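This is the structure I want to talk about, given as structure tokens.
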Amino acid sequence: MFEALGLMVFYENMLALNNVSLACGDNQIVGVFGANSAGKSTLMYTLSGIMDDIAKKEQMAGGERITLRGRINYKGRDISHDKPSKRAKAGIILCPERRRIFPESSVLENLKIGGYLANPDQAAETLEYVFKIFPPLTKIVRRLGGFLSGGEQQMLAIGRALMAQPKLLLLDEPLLGLSPAIQYWLAKSIKEIAEERGVAIIVAEQYARPIMPIIDYGYILENGSAVVEGDKDDLMNNPDVKSAYFGA
Amino acid sequence: MAKAHESRRKERLDRGVKVRSDGVYAVASWREMAFLLGPRLLLIAGLMVMPLVLWPAPYWQKVLTIICIYSLLAIGFDFLAHYVGLVSLGGALYIGVGAYISALLNTEMGLPLWATIPLATVLGGMVCTVLLWPCLPLRGVYFAIVSLMFPLLAARLIEAFDIFGGTDGIMGLDGFPNKWSEMYVLIICLLLALFALRRLVNEDVGLVFRGVKDNDQSVKASGIDITRYKALGVFIASSLGCLGGACLAHIYMWAGISQFALDFSIIPIAATVVGGGGTLAGPVIGCLILVPISELLRDFGTLRIAVYALILMAFIVFKSEGLMSYGARKYNQFEHWVEI
Amino acid sequence: AEPIVLGCPLSTAFLYGWDAERAINLAVEEINAAGGVKVGKEMRPLKVEVIDTRDLEPGVPVSEALMGVEKLILEKHANFIVGGPVRSEAALAAMALLSKHKMISILTTGALTPKYHAMVGKNPEKFKYLFRISGEAKWMVLGELVPCLEDIGKQFKLDKLFIMVQDVAHARAGGGILKKVMSKKGWKVLADPVVYPTGTTDFSMGLLEAKKNGAQVIIIWMDMPESAILLKQWYDMKVPALPFGTIIAAAEQPGFWKATDGKGEYCLANVVNAGNAPSEATPWTMKFVNAYQKKYGMEPEGYGTSSSYMAVYVLKDAIERAGTLNSDKVADALKKTDLMGVYGRIRFDPKTNQIIPSLDPKEGAVGTVFQWQAGKRVVVFPPKIATGKILLPPWMKQGK
Amino acid sequence: MDILIYGVINSATLALMALGFTLVYGVSRLPNFAHGALYVLAGYICWLLLNRLGLPYILAIALALGLVAVVGGAMYQLILVRIRGMSISEIIASYAIGLAILEGLRWGGLKGGTFTLPAFLEGSVDIAGVSVDFQRILVVVLGALLVGLLYFFVNHTRLGLALKGMAQDERAALTLGIDSDRMAVASMALGSLSAAVAALILLPLGSIVVEAGYHVLIMAVAVCIVGGLGSWTGAILAAFVIGFAQILTTAYLGAHFQVVVAILAIILTLILRPSGLFGKQKELEERV
Amino acid sequence: MAGEPILSVRDVNKTFGGVKALTEVSFNLMPGNILGVIGPNGSGKTTLVNVITGFVKADSGQVLYKGKDLVGTAPHKIADRGLTRTFQVMRPYYSLPAYKNLIVPLFSPRARRTGGWRGGGRMGSRDTVAVDILEEIGFERESYVPYKTASSLPTGYLKRLELARCLALRPEIIICDEVFSGLSMSEMASMVPLMEKLQMEGITLIMVEHRLRELFRLANRVMVLNFGAKIAEGVPVEVMADKQVKEAYFGSEEVFSYV
């Protein structure tokens, strides 16, 4: 359903993504793992189109540092020139890293803004669902986003992405700052979301342990290149992967 | 994704000497020295000979002094905004304070111009810093607006209480002995200020200033008192403005409440935007462009300001990074297309 | 022949700038049509260089105006400065600059401050090149306004005064002086002058108070266009008091009638010099008014019109008498000026270079107070030049 | 009593002036320094339509509103998009646009005090012994109505919420499918529209002069800042604080302290509450 | 355990407009120890850090550092006395290169006093020290990473930069607010020894963490917060066994075993 072919991203003269190809089928969960600065966030931004936007903005401000190459196909259509908002309308929703919630809006309002693409029924239904998977949020619906604790913000960010009715959800480091219990629940919920709501999910994480068991297919990024790929068992049994991501 | 040139991209390489990390130079040959020093020498020499070039046009010599005054304000603004993170819309306060202090020292105490100008610079800086002290905790737009209110308030107070000559202002100041001293004092002050500030911002203290701008919470967590640094920044910027104000007062032999006028706040900022914020030399270039344009347009009469505003807008919109940043980039880098 | 350049630093986007500009152009055209100015043996034409000083705009520093003056001197090579700067502070600030350049200047519009000629008087050698041909505040208050008010008081048996001023220095000071003087003259001044900031659009509080206290004459000392609103409110509230706009009031302009939808009827106003509204002050007055009307399609609007016009003629006269453009010589000649002009006899005070005012056009420069009557500006004061009588609004009873 | 009534009217006037500015800042973080110019422009267009084309008043108003909204939107689309996010450039550019409009109008003939719009309603009534004309009552009523409408729009409609999101974090909004460019244009058009509405309600009380542009801008900025940028409750409260401060100083101190007191009030409020009466910026930025 | 605690928190309370972020929290910290602080999201851990370091003023209670109360002292003064912290939401100087980020703390009065890093007055010497510190914390000296502007660094490096900033101050206590999150397993493997090394050097640590495995290896004692209140404190094994903790923090056996 979704595939990216030969993605290349240059920051100035530095190659941040080198010929990365990746595919994700319906209802699949795809994991992208890699250490710091492997290029996970860069990949996620590129897939969601945000990178285009960043490049465009930089160009306007004078710099022309970012170069993008490659094709992205979604449902048989080349979307590599689409604006991020258009991709979002088609169902590709990114939950960006470092949270980026709306600090001056309350939790509820954050979620409502997230529901911009949803119709009222969907919004109401998803809202309930979000509160179901993140019970701590129910207690703080009135609090301003900027005042939340790190973990609360992370939950809110994921919840907000869900509100946008994704068909393909891109999660960038979703576990960052979550307590173990919530991490565990989130990993379970990701699976549930994929299966019950028919959403394809691409997760980028460096903390692979909780995510690895739930993925259908995975990629290991290193210095911008996809060095290993394979399904869950392939990866789990790969000795390099094992030592790097499970500390064993 | 970029549509044209599917298989090529623009590569940028730094030209020779400048190592990627700022501030470390490995100077090898006279060519590289020239490359580094060229622009600086150009600016210095250009400003120094300008008065001579303008010999046949005495009016433009006058314009040059005004440019210098605006430039002093503008580099002060640039420093404060882009290195300390305080956007001060109240440049007029500095001009006014400087002008009044030197006027009072000159007319009331009879001090000569050579004493009043330096005194006004330092005292004025202190006065402005003390006035703005309570506002230092303010952030962003809030600081900007409050600082905008100060010159308005100062003018109103002088008017309402009829102090310092009230609305008539203070007349009868000493003028500069001749126009050459007028011009060269300002030009030299400007160049000194420019290079001193450039030096400062690249020193370790300067990094602390930039830290305050980027993230004051982190600076606090590093055990540094941000209020002190902000105040120091305000002092530096306002001293420059006061210096300009003091000179202005002596050039026109008069100080009055209109020295708190909005134009003194706006034009330096516009110059900074045009020239390129955060470059320090940019604002000077901005002034060198904007002020003469405004003078050239005088013949348009009433339409002048409208045309001026349009030109200003065009600069901002089409070279939004600022002329200086643009120029520096082109000067320091090669660009060429390479195959991916 | 080489033209004589008149540099005119004026705030051309404002009434007191553009009226002067028009009047100067009118005079120069007339003079040039008649052959120019005779300098020694040569007939030389006049040329006008106008520069916009913007000094009436808020937020623009006076140094901008000074730059304009310098531009005229240094770049346009003006031989004389006629007109502004318009704002008092700017005019005062320009004094040092003008005398530094030994530049003869005749102030014709704006600047009302008595300090100007006081400065000249204090330092006659340094400032001997600086003249002012239009009225200044002190005379206008004491010499015109007060007598006019006394006239009204006698005529209609009124003695209760209410003062509303704009929050600018000249108006506040003027209001204060007026209060003091009128109290001495036996009037009841009902309160301290009410001050309104520039740009106020609501005057009802003050008017209510005036009504409550039984005011009979309301002095309105404001130069902002919003005073038209005041008149509208005055009319709507039917305040039983005669409104009197003093010194550079919005009511002086012909457009005022329309701006108030005619509600400004009965408003008195002062246009500084005769000739700024049609009157019969001197034989030249109507000639000027008609010429102006012919050229610009409207009556002279106010304040600086007739004085700016006269300044050119006075200068021509002085140059011809001096026979040279040399500043010192022309300054001496100007001091000896004695000319029957548009607004009376034009002479300068020998000590202060200030035009000598009077209530009689045969003696000196006369001012004008008029009243809006059925859409026309009818001159009612000074008596020597009046063309009509003051009327009271119908809702106002004559005092006992 | 008259202090109360005219205090309310004055406050409503200030609130109306500030409305468009708050709206634009609140929903697109653009300090629109052309606000005052749009205000005057609306009045002048309406005047032209009335007096030059002789259109009926209602039609002239509607057209003027529409035109100004278009001008505002176009201004954003053509000029300000290119410098979005660089706040100093935005301030200067929008100020330059405002300056160009205002001085252009001045050059085009808008000078002197002879341009006025007729009041919607003539006449006046006595309220508790104080006479108030209908237009001023209308100011209060329409002001309240407009505030209510806009408040509802921003907080309870899909579009309003999207605008709000975009203002706070553009990149995050993009990921949610909010097209930021179009949104910003919309918000700017809307802000211009409310500036125009304010102009057409307030200008019949005054006259259309260029200076009003500067005055309105200063007042709008002051009200928004004191209230806390982007906060509606704050802006309204601030309008009342400043409005009453002005009326009270006029009544008890003399009007020439009016500006001094107003400015002092602004400075003091901010020193005491660094992000305005209802703003949370400082707390939010310092939350670690 | 003998001796005086270096830091002693007594009955600290903090509410944010009705939200009880901390209620009656007390604990003692011995010099040279590592204290782990855990708790569900929003339980007040960061708030506790803020209160100790002066970024938030406690409503009541005392924070005694070497016997002196810190409540009401400005954050920069507290840092100056040697009590530093990292920020959970990273706060680097985005416009500066990574190593220049450290110049700011190195320039602070404390660093100049204690470190003697005046370096003979030569320009650039602080730079060297900065790069040294970065290297220690896992930025490869020879690579480009230390010289990149902070805005282009990925999360993991920024987390470490936070810690580096603390080290530059030569502090006595470092409070780490989730420095391990955002690091991959292999990177963590190098961070744990670093922490141990710091402890050896005599630095006292408070570590707020959600990565329990590593934390329990390091910490001498662990404290658990829930809804702003302390529900347990003790050596790691004890705490893990505590019933209340299991309920409040892990919720279920599944999660417990997952950890």
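Chains: A, B, C, D and E, in written order; residue numbering restarts at 1 for each.
Just so it is clear, a contact is a pair of C-beta atoms (placed from the backbone, for glycine too) under 8 Å apart; a residue touches a chain by one contact, two chains touch by 3 or more.
Fair warning: this is a prediction, and the values are worked out from it, not measured in the lab.
Chains that touch both chain A and chain B: D, E.
Under the contact definition stated at the top, the chains bordering both chain B and chain C are D. Annotation: 47 Å between the Cα-based centres of chain D and chain E. Mean C-alpha positions place chain C and chain E at a centre distance of 75 Å. In terms of their C-alpha centroids, the spacing between chain B and chain E amounts to 41 Å. Per-chain Cα centroids separate chain B from chain D by 31 Å. Counting partner chains per residue, chain D shows two or more touched chains at residues 82-83, 86, 106-107, 256, 259, 281, 286, 288.
Residue positions of chain C with contacts to 2 or more other chains are 13, 58-59. Residues of chain B found to touch two or more other chains are 159, 217, 302, 304-305, 320. Chain B makes touch with chain E in their complex at residues 20-22, 24, 203-205, 207-208, 210-211, 213-215, 217-226. On chain A, the positions that touch chain D within their shared complex are 48-50, 53-54, 57, 60-61, 83-86, 88-89, 93-96, 100-105, 109-110, 112-114, 116-117, 144, 146-147, 160-161, 163-164. In the complex of the two chains, the chain D residues touching chain E come out as 286, 288.
Taken in their complex, chain D has these residues touching chain A: 82-83, 85-86, 155, 158, 161-162, 164-165, 168-169, 171-180, 230, 280-281, 283-284, 287. Interface residues of chain A facing chain E in the complex, by the touch rule stated above, are 11, 14, 33-37, 41, 97-99, 136, 140, 143, 147-152, 154-155, 173, 175-184, 206-210, 243-247.
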